[in-house]
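Structure first, then comments.
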Amino acid sequence: MADIRIDAVRKQFGAMEALKQISLDVRDGEFVALLGPSGCGKTTLLRIVAGLETQTSGRVLIGGRDVSTLPPRARGLAMLFQNYAVFPHMTVRQNVAFGLQMLKAAADRISRQVQRSAEMMHIEDLLDRYPAQLSGGQRQRVAVARALAVEPAVLLMDEPLSNLDALLRLQMRAELKAVLAEAGTTTLYVTHDQTEAMGLADRIAVMHEGRIVQMAPPVEVYRKPRTVFVGGFVGNPPMNFLKLPVNAGEVRLGALTMTPPNRVNGSVVLGVRPEDLELAECGFGFRVQVAEPLGPHILLTGEAEGQRMRVAIPPDRAVRAGETVMLRPKLAHIAWMDAESGLALEGE
Amino acid sequence: MADIRIDAVRKQFGAMEALKQISLDVRDGEFVALLGPSGCGKTTLLRIVAGLETQTSGRVLIGGRDVSTLPPRARGLAMLFQNYAVFPHMTVRQNVAFGLQMLKAAADRISRQVQRSAEMMHIEDLLDRYPAQLSGGQRQRVAVARALAVEPAVLLMDEPLSNLDALLRLQMRAELKAVLAEAGTTTLYVTHDQTEAMGLADRIAVMHEGRIVQMAPPVEVYRKPRTVFVGGFVGNPPMNFLKLPVNAGEVRLGALTMTPPNRVNGSVVLGVRPEDLELAECGFGFRVQVAEPLGPHILLTGEAEGQRMRVAIPPDRAVRAGETVMLRPKLAHIAWMDAESGLALEGE
Amino acid sequence: HPARAQEVTFLSTQMRPLEEAQRARTQILNGAPVKTTYVPEEPPQLPVHLQADAQGSHTISLVGALHGEFAPLVPMGLLAPLDDQEALLKQRGIPDNLATLAHLGGEHLMYVPWMQATYIMAASKKALQYLPEGAKLETLTYSQLGEWAANAQKATGQRVLGFPAGPTGLMARFLEGYLLPSYTGGTVVNYRSPDAETMWADFKALWAHANPNSTNYNFMQEPLLSGDVWIAWDHVARLQDAFRKQPNDFVAFPAPAGPKGRSFMPVIVGLAVAKDAPNAAGAKQVIDYLLKPEMQVTTLRVTSFFPVVKVAVPEDLDPGMTLEAQAVAQQQAAPDAKPVLLPVGLGSHGGEFDRVFTDTFQRVVLRGQTVHEVVQREAQDMQRVLDAAKAPCWSPDPPSQGTCQVK
Amino acid sequence: MKRAVFGVGLIILCAWTIVPIYLLALGALGGSDVVYAWPKPFLPLAWSARSFASFLAIEGIWPAMLRSMEVAVLCMIFSIALGAPAGYALARFAFRGANTYRLLILVTRAFPVGILALPLAVTYVRLGIYDTALGVALIHTALALPFAVLVTSSLFLGIPRELEEAAWVFGCSGIAAFRRIVLPLALPGVAATAIFAFVISWNEVFAASVLTVRHKTLTAFLLSVLSESPLQAQLAGGLLLILPSVIFIFAVRRYLFAMWGIASR
Amino acid sequence: MSRTATAPSESPLPLREGVGGRVSRRAALRPYILIAPSLIFLLLLFFIPLVQTIALAFRTSAGAGFGNFGKVWNDLDFFDAVKDTFALVVVAVPVQLALALGMSMMLRHVRRGRDLILWIWSIPLGISDLAAGLVWLAILTDKGYLNSVLFQLGVIPGPQSWLTYETPVVLFCAILTAELWRATAIVFMILVAGVQLVPKEFEEAASVFGATAWQRFCRVTLPLLRPSIQTALILRTVLAFETFAVVLAIGGTNFPVLISQAFIWQNQNQDYGTAAAYAVIVMVVSLTATAVYLVALRPRAGEPA
């Protein structure tokens, strides 16, 4: 049992409140991705779980045990640092073996594990180099290998693949997933790559300004953002938001009339993802400003109802900048938000 | 005039040849993205251009002048380091102002530029902090701001946005593009984010194992990969490659018969991007193993002709793992490669 | 340097302790006919400074130092002959033997004797009760001294006899000027005589009652004052603090006598003029001033050095000083007194000569080597030193033809 | 619990350094009775600044004090100016003769200066810096140089080269990058070097007394005579000489921590 | 330096700028330009007298030769001096290093008043040898403070001698104690300066991977601190061979060390040749020790220096 329970943790750096009352549960063996804008407190949270930073208040429990006052080494976890922190005075091999040596593992187990993690990270040829002789991405992979080699019960990873190319990242991601699932490792994983979060995570925790604003399975986060922020942050390109006036419980958008959930007056925000907008005969007008062919789709950027909007259309439709096209949202995929609080409206 | 001309540059680290005869031209004001797998020599190349590393042989010319023997400061460029290299003993403000101070810029120009770059990088609130008090992404943005503040004629950037979240990256990318285009800055930009490369670059140089394997505008790189490597590396998910036997100049794929360009015997490689495969009545069989809903599309992973393949289909098609579906490639988007050399076949 | 030519820079290895130097400036030199800058100097630096000075900086005019410190300066050519001062010596009544010494074995007068001192014994009054039956301080012998120390040790459990055998202590003087001549009647010639062997054996026995800290003591006044040592031998200047501070607690008395008499050694401080002195004339004026009887008395008050000129010791002397002065007088006037002259012809080999004595002491007394062998061996060393210096014998050894020879 | 053990450790170590100084002060200020008392009192019974005052009244002590200051400051400047570039060379370049150079500068410490007295003095007379503050400062610099070179070089080694490279790229010359990036980051080492130079110069007695006659530094002035003074005066002199160094260390101590907590990459 | 050949670019390498032969030659000169001022300085002010003095060691009245070294060899105290010198250096330097390391590590965990503690711990640095000798003599002498405490605690019946030839072990310990007190601060200060440049992240990484404080210290901090440790060791060792004022004050003539012999031969015996010979021996010994450190603590090939 190695679940992580973060209980009302706050962290203050001087006057600056980096974490505001964070509570979070990661179940045993679960893979939770932490997603959030730069500077929102992800690293800080990870460091508190690892015991490298002391929370201002709150508790951290691992496997049901309150570890708040334990030193990092007694918490039985491994961590990957955002800036790698590979030991410059050790070869790659020594770096990767480090955690196991600390656990006093047998020599043959160490060498087996080192070999395995190195192969997984494609650094088996670099084992006898020093970090200074590695490229940035290679160094990062050493750090990942070092964390994986110990086969920890709890693994904290801070942007582990940020310096790798897409292809490698794809491979690593798959291998990571397999390895961690097999070992049943409880993982808290910071990433800014949403595809990664979507592909790997059992649940995603979206952080914003020191708070967790939504914690849910990937699809739910994607489909049912709890706030405007989540909708705008998750998804690439992000969700579009149109602020629309409500008249007698109804909203008009071009030729369309829609009914937002109950209890709304004044105005409401309609959220819709670029891929959930279709070219249609009848709908609302969208003036295309930029059309970017992005491979699997074409991304249109333009204006509707005087508000900025992005639309993804299949690559075979020829749309030019300057044109005005008619769009309609897939009704099932519309998210309604309160115009003031930015919170999702219930009862959709 | 600040074009960069890299002329037959080689770099040897002891026995290891990091750069093998690189030649590359970046035109004045052009934005060239360097794309390549981890450890292929991108950073090394940038460092040689900056004068931080001495090439084993070859020359570097900037603005037509051979700068091979000049110290970095005499080369009139700015650089963003992969691991930031922000000065720990200076505040963010001092860091950003550094380059301008070295140029002996007037105080008001400095403060204006600092403000501008800081705003662009969204770090205007952090100006009086020390780097140790910043998050990873914030530090990276400081480094970018520092490089932009000097308005250099030549800008070298080594993965400048790798530690930023998608949304921020999107914004920064747009602003970078605008600012650099306006100033006419010649830019050499290392990235592992293809969307970034595609979106920003006038041309993309794809590097592989110390060589430049293709240098062309983004669409061409995407559409007409010069080698199997480029096709497999660029695009996310990458291009699919099917090795097929050639019979009398013709290739059969399921129910389809295609004609690869001339002079092919034995076998040939057919390259096709996942989004260039359509579900069809009549085509070749594809056994779906994994179906991942990824937002704008569903990614299918499976097998065709006993070879691994990925397919992107519109999100509204319901395909299950285990099913076998019929696919056909868009003929115009097929890339033919030599089965042995991996080079693209001409005369398509 | 015009200003410098007006004044006299006076380099001195004596009167160095802070307060003494201060008094030298304010009580002695302030009345000098020429403005005098008094610079105390550690003895090892003296030749260095004079040599550097002679090479170019030319600052120093007057030098005050011990007889033994002047000796090496002569072969280096750092001193100006003072033959024009011979008259002054006569005029002020400086004893002939001092005047002879001041020629340093050569033709010219190299320095003018300035003040003198010697070494005596000091004891805490607490120790007097253990004085052996029949022994008197004024006529003490070395064997009585041993007994005395033994008695005291038996009674108190403490070894209360002390010698200045530390790194900068003057133990060598004790051996060469007091102990050895008292047993053998000479310093050099009888170095490996049976008498000498007896002496070392006796001294080793005596040392059993000596405070083991003796090898750390440089100045005996401190252990006397702290009470670690009750009976001690040292230079009068190195005992003065005890006598000045607690004149009622200590007694001063002459050095003990051995089978060949009560040997003792003088200490002579002289004044010399540096070669090429910037202000030789001024220096000589200062010499004249310092040799005035009043100044000699003032000097006695300030230091514990006694006048070299004829002058009555004043009544109102510091009580501690008076104690010392009495002991010195007693020592000189003792019926068995045997003055031992300072080495004259050793030149720069004086240090090595001393080293022979301390090595012998180390070997015999501290390391317990066989007396006979040590004495034989060290005698050879002694001969080597004498040969190198080509020094003839000096009193109390019988005069020699050519280099002095150890028998 | 751990915290308590730690605290006790700190206190013991502080006591270990402070108590002897306290005892020195006790001896120096406690009057002559304390010096020779048994058993010795541990509390100041009768403070008396008499021996102190008598020091300060000595003719020439103030000029000597000033001269000492002058020499120490010059020595500090010279050793950093000469030592830091050399330290940088050792840290950043692998050049033929680097180790020979290391040994060479150490010779000044490995060979007792005291033994050099005569030729040293003669050399200084020839150079015309005999009996000057400059001359003494120079020889003190020679003594402090190994500290300056080795200490700064070991600190420069700890400074990531990338930071310097960044400075170059932004238009710094080698010297400017050194001054603006390397030196500030190595400030603790520079401060330590300054302290060493100051203290070495302040306490150095041998060269100072050999190379001066009339213009002695305070230490040469006092220490050369202390050994013959009564014990209490020795203690007082010892204490008096400690003060400036201790005050100096106190003044620069915060530079020793200049990089505390900042210097992460 | 054998590093040049094996080291790839991250170990110190001069040729950062320029290409090929032309400029690299100038770049190769750079380190020499940087060390030149100090070399010229030493040459002018120090090496001339040094060479003259060394020459003195090889000159006797009989001409050039090893006569003075013969005298040293026959010196009664020579072997004791060698033994004592090495005993002191071999014991004192490692203990000082350990102590200073411990102190600088402790300082890292001090939350408040760090600079005050630093200051207190570095006070002995400001104390002259002579004063240090005095202090410890005052403490350790028969009627010193130590005995006063022991006496008042009833451990000893009265004054007790510790510093005589009769108690060589205690004497050695006393000298060692005084040396530790006096000279640990130098090592400490060098380490304090160095410790700050060791990024915290490496220790953090180690602690997350289960390293105990001790393991972190041995496996991470110590190697990263190596340049400072090397410097501290070299300087401290060279200085340890030079220590004598304290030794003389506490040990008297019972604890001769090489350097005190040199001074005794120079000052008391006024035999400059033999003194110079002693000094040459001291120099050779301490430079040999330095060379050993330089070799033993050099970075391995490829490792960043």
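When the chains are written out, they are named A, B, C, D and E in that same order, and each has its own residue count from 1.
Everything that follows uses one rule, which is that a residue touches a chain if its C-beta (ideal position, glycine included) is under 8 Å from a C-beta of that chain, and two chains touch if they have at least 3 such contacts.
Note that the structure is predicted; figures quoted are calculated from it, not measured.
Trainee: Could you set subunit C aside, keep the rest fixed, and say what connected groups are left?
Mentor: Remove subunit C in thought and everything remains one piece.
Trainee: Which two chains have the greatest number of C-beta pairs in contact?
Mentor: Contact tally peaks for the chain pair D-E.
Trainee: Relative to subunit A, which chain has the most distant C-alpha mean position?
Mentor: C
Trainee: Suppose chain centres are the mean of their C-alpha atoms. Which chain sits farthest from subunit B?
Mentor: C
Trainee: Counting in whole Å, what is the centre-to-centre distance of subunit D and subunit E, each centre being its mean C-alpha position?
Mentor: 15
Trainee: State, to the nearest whole Å, the distance from the C-alpha centre of subunit A to the C-alpha centre of subunit C.
Mentor: 92
Trainee: Averaged over CA atoms, how far is the centre of subunit C from the centre of subunit D? Could you give it in whole Å?
Mentor: It comes to 38 Å between the two C-alpha centres.
Trainee: Roughly how far is subunit B from subunit E, going centre to centre by Cα mean, in whole Å?
Mentor: Those two chain centres are 55 Å apart.
Trainee: For subunit B, what residues touch not just one other chain but two or more?
Mentor: 13, 51-52, 71-72, 83
Trainee: Can you list the residues of subunit C that touch 2 or more other chains?
Mentor: As it turns out, subunit C has residues touching two or more other chains at 44, 168, 226-227.
Trainee: Taking each residue of subunit D in turn, which ones touch at least two of the other chains?
Mentor: 35-36, 38, 117-118, 122, 174, 185, 226-227, 231, 237, 258-259, 261, 263-265
Trainee: Within the complex, which stretch of subunit B touches subunit D?
Mentor: Of all residues in subunit B, those touching subunit D are 50-52, 71-73, 77-79, 81, 83, 85-89, 98-99, 102-103, 130-132, 146, 150.
Trainee: In their complex, what parts of subunit B are in touch with subunit A?
Mentor: Result: residues 13, 35-39, 41-44, 82-83, 133-138, 141, 158-159, 162-170, 192-195, 198-199, 219, 222, 232-233, 235-238, 273-275, 292-297, 312, 314-315 of subunit B touch subunit A.
Trainee: Residue numbers of subunit E touching subunit C in their complex, please.
Mentor: By the definition above, subunit E touches subunit C via 61, 76-77, 141-143, 158-159, 161, 163-166, 248, 250-254, 260, 264, 266-271.
Trainee: Per the contact definition, I'd like the list of subunit C residues that touch subunit D in the complex.
Mentor: Residues of subunit C touching subunit D: 9, 11, 16-19, 21-22, 25-26, 37, 39-42, 44-45, 47-49, 51-53, 55-57, 59-60, 168, 218-219, 221-222, 225-227, 241, 245.
Trainee: Sort out for me which residues of subunit E touch subunit D in the complex.
Mentor: These residues of subunit E touch subunit D: 1, 3-4, 7, 10-14, 28, 30-32, 34-35, 37-39, 41-42, 44-46, 48-50, 52-53, 103, 106, 109-110, 114-115, 117-131, 134-136, 138-139, 143-145, 147-149, 151-152, 159, 181, 185-186, 189-190, 192-194, 196-201, 224, 227-228, 230-231, 234-235, 238-239, 241-242, 259, 262-263, 266, 272, 275-276, 278-280, 282-283, 286-287, 290-291, 294, 305.
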